[in-house]
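Single-structure report; data block below.
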């Protein structure tokens, strides 16, 4: 499992332009997320960023990716539609996708969900406490009944997503809100996990439980080798011969 | 409930070009679906078709529609993207949507689902038997444990949709397939029901149980008057003042 | 809808023995819940209590009940198993059941859920804020994005229930916890709603939004007239004649 | 994963009394199910049967079981209530449970589901075809879009279970019925998979895809090491000290 091919994607803009972000993530948020995965035993982790050719995600990279993690915030609109198309098709064909924090508003997450994926938010450096509501779920492995993050950007309900297939974590915020923070979905053959924590101005991706959850989610989202996805490009299958004789 | 404002949308092309379809639906499939709703007591039913201005669905019509039913097949690509945008926003804001048969491949259904919405199919005039798997669901009202349709186009699994929030009906086909034929979803404030039966070359929308299910689905999909949808156009809400004092 | 036959069941013990409870609910919690339903237009509301013959729920009462609301706390163990059996069979046959607050530990709720239905709790008179996470659900009708209750007993996660079919409300508590406070389930033909608010030492059932939610839930849980429940007493159905000829 | 501690439980009565069953399962159904798991690489498989002391499932055996498979049919009523209590508590604490075929009517499955778990059935040796509806689910690993079993006992809808958290397989039957044949549930910390195929008079547990699914299901149902189940015996947790100061 730990030899899954993981690609950590990052928009990688705040880190170039904001000094306070550079101080926390000098090599980019992707470097720290990748380090967290390696810490949890993943041996096959690469990174990709927005300003690389084809947004760092040409077909060849996607074809060799089992699970993709996604962090974006200020430049969602700059991700090429062709990139979104490629990622979308790969998810339907089985690639796992872990959408982090402000990735809720990314083109790819909104396309997969079919909703606005919008929410309430506040930047006040308040406390968050994440409660496990599905302790038997593999993404909860290694967790206590809750864990805390001392200073965060708040995300609050109503979070406009389809009801998750499985809800693993709910956040409490000091300022009075709650949020569905760990949400599992399946689209096509692919599994998707939305995980709320993260922000460019707080050192969230160094946090041990945050790293634990991301590592768990990658394992959970691994592709399953059943029959291949048959509907690439939206085609249907005409089964001319019935399986049973029609009387 | 029976004064809900229902708009029955139809592509209305097969009926103009195919004699066998004209024979079954001389005034269009929409006329027969609307008649079925009126038979079940709906008093406020209008129709709209693809070739009307703005595809028959200008903002003014959508604003006055509580539940929209959708039938399309050969001309999905001709529905304007602006029309799809308008319908999408109205569903998120609470309008119910009943997607019928070949509407599974419509732009609006695929956008709301986030998947290919594709499937296996066969035209052989075989028998279908629809089994109720959620007898306590309002869409099952008035049904027996199963009902039959003598001659249908077959749709078979794998049907590439997100797992329905509630699965109400499963079809058995003479030729050997099964299908999730009655599927409930919520997106934003809006409720969506996919219902499989229907085809232009069989008199499906005269069938009493088919009419019963569509009438039930319209009632189920009625908008709920909670707080208004807040995320039109994808905007988020910045809650600058916390609800609780931050210590 | 407002002529549904509703039975409001109450253990009715705290009100007899605790002065502070008498002060809030002089005629019993059931009287106040019933008043709230009448306020919302229900015309056919009766009450029943533990110490009546057959716990106030003989077969004749259950047979004439469309939706039953349940409040119990200190005497769950005194509800006769025969009463639980009768209620259980009626829910499977289609009767709606609204389980309130400490009813989470009632015999009937635990039997229907199959889990311990246990939770964390604290009596400290703290603030609760209930957030709507399914604004399109009929149980959310008339609600704003959240509502508050000034002083409550806290219930916290992990709440040991099966994942709800639909989650409508999540609570935030001043002391740091969250809770799935409005949970929909279906068992057999019957619909079940668990609603957290309520306690004997706080005037919760006078609260306008609490009354709104209970009134909404009763309408949602109304029995659906599909085919009758066929498996009373656990029997199976031997379909000796196949529906299709076996070749 | 393949060193999970699996216990294969069998009622083991038909095999002693019915010659035709002996001919198919001379060492008992459990021996063949265990052989199938070993074929798939499981190295730590033991068996247990009804007529052993404590029904073969004393606390010591359950404490050392990660996943339990259950086959019973003619003697559900002879399983001691104390055995059901022990298995129930172990499932809530995290043990996986795979319920096979006629186990749908076992005491433990009915207790975990809260419903009658009843269904329609017919013994006519007809053909069954199982369709994968969740190709991305780990229980579908290694499967084609469908697989067939030439001669089976039929189980048909309505199957009176709670809506599964995930539905993996739907069966088509020659005689005209459908059935939800592969159903995932979570109760407490434990995962449960109901799998329809199997009967004492057909050699179902030699079938390669049936063995594949059971092997997959065991891996999926493995316990997750999050925090321990806290509610043994139904106790609740009084959190006297709030996590946040109450103002």
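To keep things simple, chains are lettered A, B, C and D as they appear, and every chain counts its residues starting from 1.
We take it that a residue touches a chain if its C-beta (ideal position, glycine included) is under 8 Å from a C-beta of that chain, and two chains touch if they have at least 3 such contacts.
All values reported here derive from a predicted model rather than from experimental measurement.
When the partners of chain B are compared with those of chain C, the chains appearing in both lists are A, D. Superposition on CA atoms relates chain C and chain D by a rotation of 180 degrees, given as a multiple of 5.
Between the Cα centres of chain A and chain B there is a gap of 30 Å. A straight line joining the Cα centres of chain B and chain D is 36 Å long.
Looking at chain D, one finds that residues 129, 132, 134-135, 145, 156, 158, 163, 165-166, 174, 176-177, 186, 188, 230, 243-244, 247 touch two or more other chains. If touching chains are joined by edges, the resulting network of the protein chains shown connects every chain directly with every other. Against chain C, the residues of chain D that register as touching in their complex are 92, 105, 110-122, 124, 126, 154, 156, 158, 160, 162-163, 165, 174-177, 185-188, 230-232, 234-240, 242-244, 246-247. Chain contact summary for the complex, chain A toward chain C: residues 129, 131-135, 145-146, 156-159, 163, 166-167, 170-173, 176-178, 180, 245, 247. Interface residues of chain A facing chain D in the complex, by the touch rule stated above, are 94, 129, 132, 134-138, 140-145, 165-166, 174, 186, 188-191, 223-227, 229-230, 243-244.
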